[in-house]
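In order of appearance the chains are A, B and C, and numbering begins at 1 in each one.
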Amino acid sequence: MQLFGQILVNGILLGGLYGLMGLGMGLVWGVLKIVNLAHGALIMLGGYALYYLYTKAGIDPFLGLPLAMVAMFVLGYVLQTALLNLIVRSAQLNTLLLTFGLDVVFVYMAQLLFSADFRTINPPYAGKNVTISGVVVPYAQFGAFLVALVLAGLLFLVLDKTRTGRAIRATAQNLIAARLYGVNPKRIYAITFGTGAALAGAAGGLYGIVSQITPYIGVTLTAKSFVIAILGGLDKPLGVIGGGLVLGIAEAMAALYLDPTYTDIISFGLLVLVLVARPAQLLGRA
Amino acid sequence: MTEPLFEVRGLTKRFRGLTAVSNVTFRVAAREIVGLIGPNGAGKTTIISLISGTLVPTAGDIVFEGRHIERLPAYRRARLGIGRTFQVMKPFPGLSVLENVTVGALFGTGGGERNRTRAEERAREWLKFTGLERRMDQRADALGGPDRKRLEFAKALAMNPKLLLLDEVMAGLTHVEVDEVVELIKKIREKGVTILVIEHVMKAIRRLADRLLVLHHGQQIAEGRTDEVLRDPRVVEAYLGKRRQ
Amino acid sequence: MNRYRWLALPIAAAALAVVPWFTSDTIVQYGINALLVATLAQAWNIIGGFSGYPSFGNSVFYGLGTYGTAIAMAQLHWSFGSGLVFGAVLGVACALLFGIPILRLRGPYFAIATLGLAAVMSAITATVEIAGKNIGLILPLFRGDTLFYELSLILLVAATGTVAWIARSRFGAGLVAIREDEDAAQVMGINTTTYKVAALTVAALFSALAGGIHAYWITFIDPASAFDPSLNVRMVIMTLFGGPGTVLGPVLGALILSAVSEVLASQATGVASLFYGIVIVAAVLLMPKGLLDLVQGFRDSGWRYFVDNVRRYRI
């Protein structure tokens, strides 16, 4: 029972992070109607940004996180303005292929610049933890979980309360109508993609604290983010966190009861299951 | 009435909470033109999608030539001889007009004409019939509005359907163009095709339809001979009261 | 002129066939790789170019072909021919097994599912005892680059011939209709499920055969190399670059880009892959219909061709 509690806690802590990954994916998908296959690569880049802020500039990872997010926002904003705005209206096949190409570019840039070695962001408190009635809660993991929740809450508030947030939601609903109300779609798209990249970056940074980063972590994370975004519902930040928790817990359980190599197989099974079961309903709503 | 070509009994479709089509029953005899009318959101397109197999009914039977088809996939129904057009037109955008129509001839009723050269010949005839011959080599996404409607028609006709389901093929056309399409539909009927036509253009429906079926909020509120139905006070209130043409 | 166009293909194939007798070993070895990857591109063209289903998981079929052949030869001591068949059977079985659920998905759903499949397949293989777990397998040694070269060429010609047939057949017209608008295709009488699964299966067959030939040639395989996800990158980009949905585009794209990347790869690892990524991005933006269309379009409208492409879909 205690073991079960431990697994549950592990799953929840990991799940919060997954939720954050799904958030950026879902936001971009919902507003721009682009499924960003480079999302995982953006997560990976965010991880490296935070890694170098910590190792080279000595900034505490949790304090460096906003900086990494700003850098990723700028990257996202520029990408959208320079490239993606050129093809947002084109066939879905083309947007998929373009973001796939970007993914490849980022992965191999990272390989050239940062090498293929495993990196971990290792602050002094990394190994420390607190034990609550027999269940171990590592500080770093718990911190990452809290940050994920805070960011999800912030996104929810921004979308709900600010002018830009409302413009983003209006654009997601109906681009033409939003235009009539004076929304500049190019700018809104760029801000949205920038925000998506910033969220991905944050997730990557936190991932670097609780796990390891290499240039190649992106692909599976893209797939997971996508499934989480579907599980949670594109337009509901808090729902997406819930989707992340589901996947996190499922993976933690699989890791306990099966050989660790099976966790990926379990997530893939879940992925196909979710995909096959949900799209019809989702498309009906879209 | 003679033996119906096809028949719908208790047809119902629910989308989550909303009942888009509720317990609709009607028959269509061979070579008849039946008009399906009703205000926006009445469930007209949904009925066509249920018959063509794009949507699966929540309840009810659809019988075509004496055979239950409500569980058949869309492509099987097309092979039995049911062709449709889409209100939101669905050309194959990257293909030429001729290629678009050739697809109809290659597949469609009875599996179509399996030889590509002969299918292309057949497609050319339908392009002539619909007046699209000059546009044959253009890409479908380069066509203007009226020509797109013609293409939608030609694609369905090339399938050689026994039953043709037309969803607002006249919306947005000028008076002259509407007259052309009315003549076209009459010509199609003369070829022995049965037609179920959704239309908001009253002038056209009056000239075309032998009988009318009126929907309102998914309910069937009237059915019968065109002139009688159009005089029915319930129809006038529900439909014409809101939308005069 | 046009009447004799069909002759170009046999002549080109014959010219390629005599290459080993006139060039060096290095070129022949490069040729084997280029021909096999061209086959993979051509196979991707069937599902991605004709049906419009962006598969990022065709490396799985290649990997299964590789492993099927390797298991048959190294573990069961079968002949190379039987090994190839066994690998092809595995690839085709996988296409049928996963194709039926996955091809029900459209657009991004399909793309992600294939991405996921490709990502976990090497993990799965690494747990299988008979596949040598994560250590891999060693096949019997056979020196004969010329034979492998000719085999690869035959496979590419067969794949291209199949695509040429598809392009003129009723089947191909159905695939293209599915690519252009699947709902419309279905109400016109096309059995979309069967068509898509058939397209994926044919693609899987050629991919698996390419994997089998490569396995015997290279003699050592492990999960990382057999299911190398960067293979997907190459298939997609080569097809896209040459011209998706055309008969010769993928072959041209593959032969040109293989040559370029061979040069780049001698500079630093990763540079070639980076180049591929850049080419995908540039191709989608500037020449979405590939090289063959570019040549035509450039002749008609010069540099405007690129400007028009960039302008077409921008917001």
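Operating definition for what follows: contacts are C-beta pairs under 8 Å (C-beta built on N, C-alpha and C of every residue); 3 or more make two chains touch, one makes a residue touch a chain.
What you are looking at is a predicted structure, and each value in this text was computed from that prediction instead of being measured.
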item: Chain at the geometric heart of the assembly (C-alpha centres); value: C
item: Maximum centroid distance from chain A, chain identifier (CA atoms); value: B
item: Most contacted chain pair (by C-beta pair count); value: A-C
item: Rounded Å distance, chain A centre to chain B centre (Cα mean); value: 46
item: Chain A and chain C: spacing of chain centres that average the CA atoms, whole Å; value: 31
item: Rounded Å distance, chain B centre to chain C centre (Cα mean); value: 42
item: Chain C: positions in contact with at least two other chains; value: none
item: Interface residues, chain A side, partner chain C - complex; value: 29, 35, 37, 83, 85-90, 92-94, 96-98, 100-109, 111-112, 185-186, 189, 219-220, 222-223, 226-227, 259, 261-262, 264-265, 267-268, 271-272, 275-276, 279
item: Residues of chain C touching chain A in the complex; value: 52, 54, 56, 101-102, 104-109, 111-113, 115-120, 123-124, 126-127, 229, 233, 236-237, 240, 268-271, 273-274, 276-281, 283-285, 288, 310, 312-315
item: Footprint of chain B on chain C - complex, ascending; value: 168-170, 173-174, 176-177, 180-181, 183-192
item: In the complex, chain B residues that touch chain C; value: 52-54, 73-75, 77-79, 83-84, 86, 90-95, 99, 102-104, 106-109, 111-112, 114, 116, 119, 155-156, 159
